[in-house]
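Read the structure below first, then the notes.
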Amino acid sequence: MSSPSMYSSRVAQFWWQSLLLFETGKGYTEKEVSKLSDRSDPIVGAANPLTPQTPDFRERVQESYGKQTALALLGAHLAKVEPGEVEIHLPFRADLTQQHGFLHAGIVTTVVDSACGYAAFSLMPADASVLSVEFKMNLLAPAKGEWFLARGKVVKPGRTITVCAGEVFAMGDHEPKLVATMSATMITLQDRPGISPG
Amino acid sequence: MSSPSMYSSRVAQFWWQSLLLFETGKGYTEKEVSKLSDRSDPIVGAANPLTPQTPDFRERVQESYGKQTALALLGAHLAKVEPGEVEIHLPFRADLTQQHGFLHAGIVTTVVDSACGYAAFSLMPADASVLSVEFKMNLLAPAKGEWFLARGKVVKPGRTITVCAGEVFAMGDHEPKLVATMSATMITLQDRPGISPG
Amino acid sequence: MSSPSMYSSRVAQFWWQSLLLFETGKGYTEKEVSKLSDRSDPIVGAANPLTPQTPDFRERVQESYGKQTALALLGAHLAKVEPGEVEIHLPFRADLTQQHGFLHAGIVTTVVDSACGYAAFSLMPADASVLSVEFKMNLLAPAKGEWFLARGKVVKPGRTITVCAGEVFAMGDHEPKLVATMSATMITLQDRPGISPG
Amino acid sequence: MSSPSMYSSRVAQFWWQSLLLFETGKGYTEKEVSKLSDRSDPIVGAANPLTPQTPDFRERVQESYGKQTALALLGAHLAKVEPGEVEIHLPFRADLTQQHGFLHAGIVTTVVDSACGYAAFSLMPADASVLSVEFKMNLLAPAKGEWFLARGKVVKPGRTITVCAGEVFAMGDHEPKLVATMSATMITLQDRPGISPG
């Protein structure tokens, strides 16, 4: 595989990009600005300390993912695990569709729910389990493609509650197309009878 | 099958029941009350005219459902079609789970999304297609059971937008247990290239 | 005030009513039915033990509500507190609208979020605080009315997480009209620095 | 006001930043990559043609915003209007709080719902009206601050349905803090009796 970097940065910036273009800063007080301008610590460092609590977070995610029989049934695979970020790929199959031949919205949900759940799990302590509390999907376009890229990222980690954002792209013989977004709340469980770590 | 009525009314009232206990009516003005007390038309009749626009709405739902290959893969079947209400049953299978052996939240979503979508579709005109615009799931309890009952109902029908509520019960060797609720927005599409009615 | 009972039961059943009509029970196995038919304990009792943990739950709700300055600004008042159920009334005012003169969706949200939060809080222990983790609103119809009735109910209580359902009716010189529904996740906080019980 | 650019770019990248760090591109096929690498058109251009349909979109937003009496009551003001992006600022006031003295979640919702609605409206035709179909809020942290910055952006424009993402930051004597995110569905209405354009 040669030079995926251009490709991947394109995908990465695809829909979040508009959210970064912020040029004018109208309406801030001088006081606000001066307060901020003499600091050296990066905001993102303070706000997003997406630091794994275990050195083997990738193995823990991989092991737990291996127990998700539903993902195996669908033919999905775990493609990337970083602290607070997980990617799952799903090839299109004709037996995964709704009535018009598009990937069923529930199947889209299944892969991105797992991506979000493991993004959260990658930051949890060794004895923790992760469960979805709730999620919301916006289906932006029919899920037509050769394969699908589901990405989950932690927006706000927490001891009990972790909030994630997910996105699903249709990939193939066309521009990568954002077909769905998810916002999800995950919970960290510890010492819960009947639920082993994972 | 003998006398399912007691059973079914129990399931029906399971979680909505608390929403019906409303005894006192504190805080209403006398004017409000008198305005209401001399009417003969039932409120629910005015508010919920869940009238199908086609006589063959059951067949249309059944035919479209038959094209949802994803539901066949999961082993689900369409169990009930009434105007604005659809029920899908899904037997538990070990290849539909997340890492703790519970039904995967995305699989739970798949069946109740279809139930809500077809509840909406049952009220649509003959040339219409239905697509999910968005939905939100609350996962109330681990989805453990012998089989699962997903029900979708139309809360507010509309020409373009139909809002539905869904619920999923875990069934089997225990009390029926509400494991998830959905709120969903469905859209009616007509004359859309590449999307045939259904 | 004379005989609000007819009125209130009408409002109570308004939109949940369609969710109760469940007549046939098609598709259940005989085994399932027989398993259920010889039990004496009511399902709803097992599932919905909406039992307050403190005898003074009404006072605790009322006291905390009194600190919600935003609700006072809007002119809302607490109309009903039952275990796991709270109702707030809001008279229409011309300074609470969006651009078409309807009640602003955010104002609708404000009252029903408080109703859901206090429904959850009514079941919490004495030293607990309640915060909203997330909520989702479906806006079903323009919020036009003389006043608005917001009701929150606990769907699933829990030690940490409580899930609620909310609904808002437009009231006045017309049939009560369901204008919005909410699904919400509330969290119980205890011993949290900077957050006093309430 | 001097040089707000450093400040504003910090705010802009605050929480979306983690969503941009995407370095490896593991798992893509060579075919996928080559297909992408010889194109000159930027992906974001194809995907996000956030082009206003009217030259006076700023004036239309401003005029409609001026009719939102609820926003005036709260003391909010419209701070920025770009194609598909709107920002509203809200100074903290003691009469806008919930029981712990934080900004009420419903008030947070009110400002970011308007920001999202007008972000959508900025791209609509001259005779259109905008209404919220649904939105979901995740409350990430207590809304404590001197003032609040609510930003709405269009994620996916459409003829009937526009999907937006919103975020609210607490501002003041501390790092800008992301306190809430919204995902919202807006609808374009035309020729609707009783709803004038806006």
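Residue numbering begins at 1 within each chain, and the chains themselves are lettered A, B, C and D in the order written.
The definition used in the following text is that a contact is a pair of C-beta atoms (placed from the backbone, for glycine too) under 8 Å apart; a residue touches a chain by one contact, two chains touch by 3 or more.
Given the structure is predicted, the values throughout are model-derived calculations rather than measurements.
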item	value
Pair in A-D, A-C or A-B that repeats B-D, with over half of contact pairs matching by residue number	A-C
Chain pair with more C-beta contacts, C-D versus B-C	B-C
CA centroid of chain A to CA centroid of chain C, Å	32
Separation of chain C from chain D, taking each centre as the mean of its C-alpha atoms, in whole Å	28
Centre-of-Cα separation between chain C and chain B, whole angstrom	21
Where chain C touches two or more other chains, by residue	133-134, 136, 138, 183, 185
Chain D to chain C touching residues, read off their complex	64-65, 67-73, 94-101, 104-107, 109-111, 113-114, 129, 131-139, 142, 194-196, 198
Contact footprint of chain C on chain A as seen in their complex	133-134, 136, 160-161, 183, 185, 187
In the complex with chain B, residue positions of chain C that touch it	1-30, 32-37, 42-44, 46-48, 50, 77, 79-80, 84-85, 87, 89, 136, 138, 140-141, 153-156, 163, 165, 171-173, 175-178, 181, 183, 185
